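Some structures are shown below for you to check.
First subunit A sits with subunit B, and in the next complex the same chain sits with subunit C.
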Partner chain A sequence: MKKYSVINTHVHNVDGIAKVTGRAIYTFDVKLPGMLYGKILRSPHPHAKILDIDYGKALDLPGVIGVVTGKDTLGVKQGIWRRYQDLCDEQILPVDKVRYIGEPVAAVAAMTEEIAEQALDLIDVQYEVLPAVYEPLDAIKKEAPEIHEGFERNINVTRHIEWGDVEGAFDEAEYIREDWFKCGGQAHMCMETRAAVSSYTPDGKLTVYHSSQSPYYMRGLLAGVLGLKESSIRVISHYVGGGFGGKFELDGAIFCSAVLSMKLCRPVKIVFTREEDFIATKRRTPMSYYVRTGVKKDGTFCAREAKVFTNGGAYTGMGATALYLTGFFHSFPYRWKGYRYDGYRVYTNTLPSTSMRGFGAPQAMWCSEQQIEWIAADLGLDSIEMRRKNAHYSGYEVPDQASIASCGIDQCFDVVQKWIKEKGKLPENRAIGLSAAGFMSGGIFNWFDSPYSFSSAVVTINYDGTVELHVGAQDIGQGSNTTLAIICAEALGVKIEDIKVHSGDTDHCPADLGAWGSRQTLMAGNAVKMAAEDAKKQLLEVAYAQSGFNIVYDLDIKNRWVHALARPERGYDYAELVKKAIRGKDGQRIVGRGYYTPHRKGMISPAYSYMMQAVEVEIDKDTGKIKLIDSLTAHDCGQPINHLGLIGQLEGAFSMAAGYGYLEYMPYEDGKLMNPNLVDYKVMRATEMPEVPVAEIDTYEPEGPYGAKEAGEGLTNPTAAAIGNAIFHALGVQMKECPIKPEMIVNALNEKEAKEKEGKE
Partner chain B sequence: MEKQRLKLKVNGQEHELYINPKTLLVEVIRDHLGLTGTKRGCDTVSCGACTVMIDDMAVKSCAVLAVQAEGRHVRTAEGLEKNGKLAPIQKAFLDQGSYQCGFCTPGMLMSCEALLEENPAPSPEEIREGIEGNICRCTGYNSIVRAMGAVAKGNYREE
Partner chain C sequence: MSEPVKCPVCGKKAKTGSAIDCARHMFGTGDKPHRAWVEAQGLSFIDLLLEQATTPGNRSYVVLAEIIEKTQERLPE
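Up next is the complex of A and B:
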């Protein structure tokens, strides 16, 4: 490993003081002079035509200032897949019909939230209720109701991935196994619910405070639906109370507050209640997976085919990307001679599905990694060795899809094997479950049709040597501002405390696609490194000019010390150099620019992380209750940049993924979510969380800044399957549906016993 | 409903307010006093984002009426520091990276502080039980447990 001054050292988050003292101002906390409070009236029907909306009585209520419906909008059907008009299918305040329970139909602005809430009861909406359908396999039937015009059998998007001679590879297989799996939805459950404060002023400018993963996307999307120029809109997201994939599309809070504000020319704040956040945002995509896998008896993988039907809910959102990524990562981290995936995203009258941390891959791994474990058991093979035999390696090419420059999965296997060995024999009802996975470091997709570089950064050096770092990347708690400050300090040769990061403001920061798909460390990191190196080059030109060294000598700056590489002891203070350089530029501050857009890196991502999750699980056979006892995370993220941030991301991903595995259900009845609150929707609590020691695997990714790649998202992928595999080893039952409820374990055990009895008789 | 006079001590400061008696303590703290460090994350007393201390007890401030806190001393995350000097638990949160998005942090800090005042040397299990009422969606809690452990060990004790 290279020696760095700032990278991978113990650094406090740059926004730490604000966050531990209560000073951080979230959208939830924003209060503007003259601000009104908005509330949204929502559809009680899963599928209905809107015949008439009468809000006269609501307007008469003292304190109500205005009401808007779909008729107050331009009626634009919007979506984040801007390049593909047919996938832009959502009017956030629909004009003619509603497609899920909770969909906005009108919004009220009033002097207080209470008054706005009361006014909702005074709005009279006439609906013509239509037949509804809730499950993808029902919605594709010929007789199913049509949810969107022009989508035959309600099929919203299809995706096909194929390489190799699939049939030929199946013919070579000596053992074939097929299984059906089901994966549930999951709520992002950000601690800060969706929130926005919109302020439209008579000069035609709109300022929006929004809890957002991508202010740049928000600005573009808002411009499209409001008929404004992008430059007339300023989106500010200084502190964001969590995102997890749920906050980079337009939501009801931002849209309705903007429409109200434009009508009334007053600031309007809308904050979702927790219930609204559950029923009327979006969720992780529920999927039904058919998987057929062919292997040789020695465990060599030959072929795999998968067919997937996903519950898309009422609108596309980011679901089309999730449909592709689930199919791609279902092949990970293994080499298949033949691979075929067919994905169908189906519209239903339920909450729309979208991206959520892992982006389709947790569902893919739930099916893949359990089936692989069962195949190893069927053939009497060691499952780690079988995985190893078929795993990706540095330099491997996924046919027609991706080139893997760095891959540490083999070392992950070593670390986990050692850990299992050291554990020795486990008590009864306990077992270890394993699951491997890989993930992307940002997507090479531009369905948004951005004309700008994927990431950009500007470094400005002040007279005293301090640095203003402007990035479009968005910190949503994952610590990107800190990571980017570290990269900037390292590249420029200064200290972390010299860097002031500016982000989350479209008026002052360069365009950047934002925080999704684990893209920021690699993409924004590369942009920041380039900007810092650009600024440094300008400084070093001045240093060269006055050094008198032979031109073969290399000059550098490290820890604020300007020196010749060959004679590091002879140097001088960086601040002195900055002063000279600024004087030489006629008093202009030094400005460095950097940008990054992936080129020639395949179709999916510039780089891939690899990991293996091991979990020790205890199961109460009588109640089916699961307890996580211990775990080990082996993770290859290339060169770690922000050490504390990395550990936090891995532990956090584990907790969210374990929740997906056995706690977080989203049960629907007739299109209605039955547990839209934090009493009935269970997330991991401190007492349920095991220790999550992390083994960092040392690799170097040539495409990443200083060799870094993804760390924040990938570990959401393997964990649910690892829990399933632990149950398989402890009890000998195969869990095909996630999240695993206690009664599913008890039922599976009963079934198993009955079968064994039958066998004996 | 007729407004009622309320005398409330918050972070050492006496306040006199006229409020609707059904106003929740969290509303008084955030909306009347402007102390927005204290958050709200649910409507069901489940998430702990609004946790404050009333005298020496951690309380979810969405579960009490402001008038019930009359004559008591309410402490919020803003009251942990003294003239810009951070409390041990705040320093430990920084050192351990015990926050990410930071939205649960003020409430989490108050649960931690209340536990430490009651039991200066809690075991990891006692720490986990002490913060069970606070949801953190980002960190997975272990860094918070480590921060508490470091304070309990006396790492931040002043000579």
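Up next is the complex of A and C:
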């Protein structure tokens, strides 16, 4: 008999039909009676005092209904790190000064979007332009301008991680290598740009439709900046067109639409243009890494030290977490006798940086996995075997940081080794690059200071046996509603089509921290499993009472069939049992409740996924152009739950990570992004995507529902380094800056040639 | 065995009880009272922090740890 009926079977997305037939209502689609359209005036200066804002002429324009500035707000400095007031540093409509180009200054509501746009030109803002600084290493100089009062040398946050005797471990090393790396930013590039429709009514209620990763966070943050009770705010995010870490903080769309709506008592819709999404949201954190690694000649890792400066941009956002996680995952997936990380996040007058899929780890792996490959080459060792020798294993403890209960990295190495062998000899200018990584399965961070469980779920069984599953978890396109429906169906013993998932509505769904930190499968999945088991227990109590079986017989429900485990052929329909149970409860529906809050699971995560990425790359030596030919993803995600969803997530992660590796540049000049459009900012297109076959490495994670853990975010981490390593093996050049531009390859080849010539002479 | 080192500002016991851990705690906390204490010892908090950031090794923590150790004798029980 199959172990599972629904888990890891081919289940189509529960919201697939609504999406492919265009019936899914995204925030972009919301229209309310009497709705106005909002536009935001943005700062043209990277650093300036706001002296005066005169919007009289804008108000005179026919069709303009209202204008708001920072003076219409409570002036609250907000941020998602609510436990640490110093890090709540952003007024979304600033009162006194602007700190980056694109920062909101005023917002207009008008009868049409076009009128609102015209009105922006009629607002007169007087600025006193201040000196600005754009790079962290310039911003820490004594003479650099002060961006936030009280933050000496513009240092926003520092993070330090250390274990073992680092100096002693370096003394044991027989080979030490040090390198400097640079990693660029990256735009979240959601299909649906930031968007919100806010509707404030005279009874003091604010309803907000928002493209969000965490409606619960939005409600809490809005309450704080608007001076409302959380219960007076309803946030609805039924369908969300992507998040990738960029949609769980307040943004200009939600804040400005809410402030305008409260002032005018009419619904106001703001949808960012693609350019606004580029210049006025947040981005992946650019980092400069110094890495020193000590190893023995047989490849045993001894010690590592990393010093990192991150370009924080104008505000904290989620950057403080990224600063910690980059240092933590820089050690992964290996064992170090001594490890030290010093991270410094520095304010600059650029677009703020924040969380993005991988949460600091892609930058960490770009540096770590390339340096490891170079060390193996320096010592003449097989890089996979060197990795294997030092890798984590089930039962390993990262000192003071994490317990690894399940780890399939060793099997990942096996699968990739076999794939390379089968490939045989490759044509000229073509090579395979490798990179390993590990990632969290549910972040244990409560900077938000939530008093609620991290995840909650309610299962309600109707008279006909169908199930209403209410979750606070947010589906942002990653398919969490489907995954949770699968878990619910499996736990309850019904079919997937029996489950109706309700999510993305703070008035009707239980609190949940939302879609970030690879939380949903493990944390929300556990909550759903608990709720379904609670409901099932109530049903089985009735079944036992009427069965007449010996009490030692175990009853179960599977595929809607109620039966004794010892005699599965003898049973009856689940719907009959539901009817009896509801009658027996005086007509009340069966309700099961579940929750998940991590306890004693270390500082970072209750579980960790592991993976290895292999990429076959071809490089044109004359132009430096990179072409991805083939790939293999070996991924340990515990027990797979949503098979199709898993494949989609891994393909998507590969695409985003490869884009970070060689396509997606964010060049700034004097604080201004030079390519804020999809013509000049290159993302992976279908024609550039190689085949992305996935080797699922099944392990069992005791903390996960049915043994499941993360899939989809972690694979953003190794891919850029794998591309760099392929270039190293194909051409013998070491790429230290990411994304890799063609001219960097050509320059590196020229340098290499010149050095070789010098050596000959 | 010597007594575990306590932070001269907030009294918090260092993770392993060592002076170097206490120095890490002071840098990590980095609030006004901790900065002021470091400055009062004739050191510049920000310069120590930046030295730790820009040079390999652990010199800044070691420097601060030595001073913390010296002050432990003067701390009340």
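Miscellaneous remarks
To be clear about the criterion, the second predicted complex is superposed on the first by the 759 of 761 C-alpha atoms of A that agree within 3 Å, B and C clash if a C-alpha of one lies under 4 Å from a C-alpha of the other, contacts with A are read in each partner's own complex, and residues count from 1 in each chain.
What we mean here is this: a contact is a pair of C-beta atoms (placed from the backbone, for glycine too) under 8 Å apart; a residue touches a chain by one contact, two chains touch by 3 or more.
Bear in mind the structure is a predicted one, so any value in this text is a computation, not a measurement.
Annotation: superposed three-chain arrangement on subunit A; subunit B versus subunit C shows no clash, the two fitting side by side. Superposing both complexes on chain A places the Cα centres of subunit B and subunit C at an angle of 160° as seen from the Cα centre of subunit A, in steps of 10.
Contacts of A:559 after superposition on the shared chain: neither subunit B nor subunit C is touched. Of the two partner chains placed by superposition, only subunit B is touched by A:656; subunit C is not. By the touch criterion stated above, A:140 is placed in contact with subunit C alone, subunit B being left untouched. Once chain A of one complex is fitted onto chain A of the other, the partner contacts of A:17 are limited to subunit B, with no touch recorded for subunit C.
Shared-chain residue A:677: touches subunit B; no touch with subunit C. Contact with subunit B, but none with subunit C, is seen for A:242 once the two complexes are overlaid on the shared chain. If you count the residues of subunit A touched by subunit B and by subunit C, you find the higher number for B. When the two structures are aligned on their common chain, the gap between the nearest CA atoms of subunit B and subunit C comes to 36 Å. Here subunit A touches subunit B in the complex through residues 10, 12-13, 15-26, 28-29, 189-193, 239-244, 273-275, 476-479, 644-645, 647-648, 651-656, 677-679, 683-687, 689, 691-692, going by the rule given at the top. The touching residues of subunit A, when paired with subunit C in their complex, are 86, 140, 152-153, 155, 158-160, 162, 166-167, 178, 290, 292, 305, 307, 309, 340, 342, 344, 400. Taken together, the subunit C residues at the contact with subunit A in this complex read 15, 24, 27-28, 30-31, 45-46, 49-50, 52-54, 56-58.
Touching subunit A in their complex are the following residues of subunit B: 30, 35-44, 46-47, 49, 76-78, 80-81, 86, 90, 93-97, 99-106, 109, 127-129, 131-132, 134-145.
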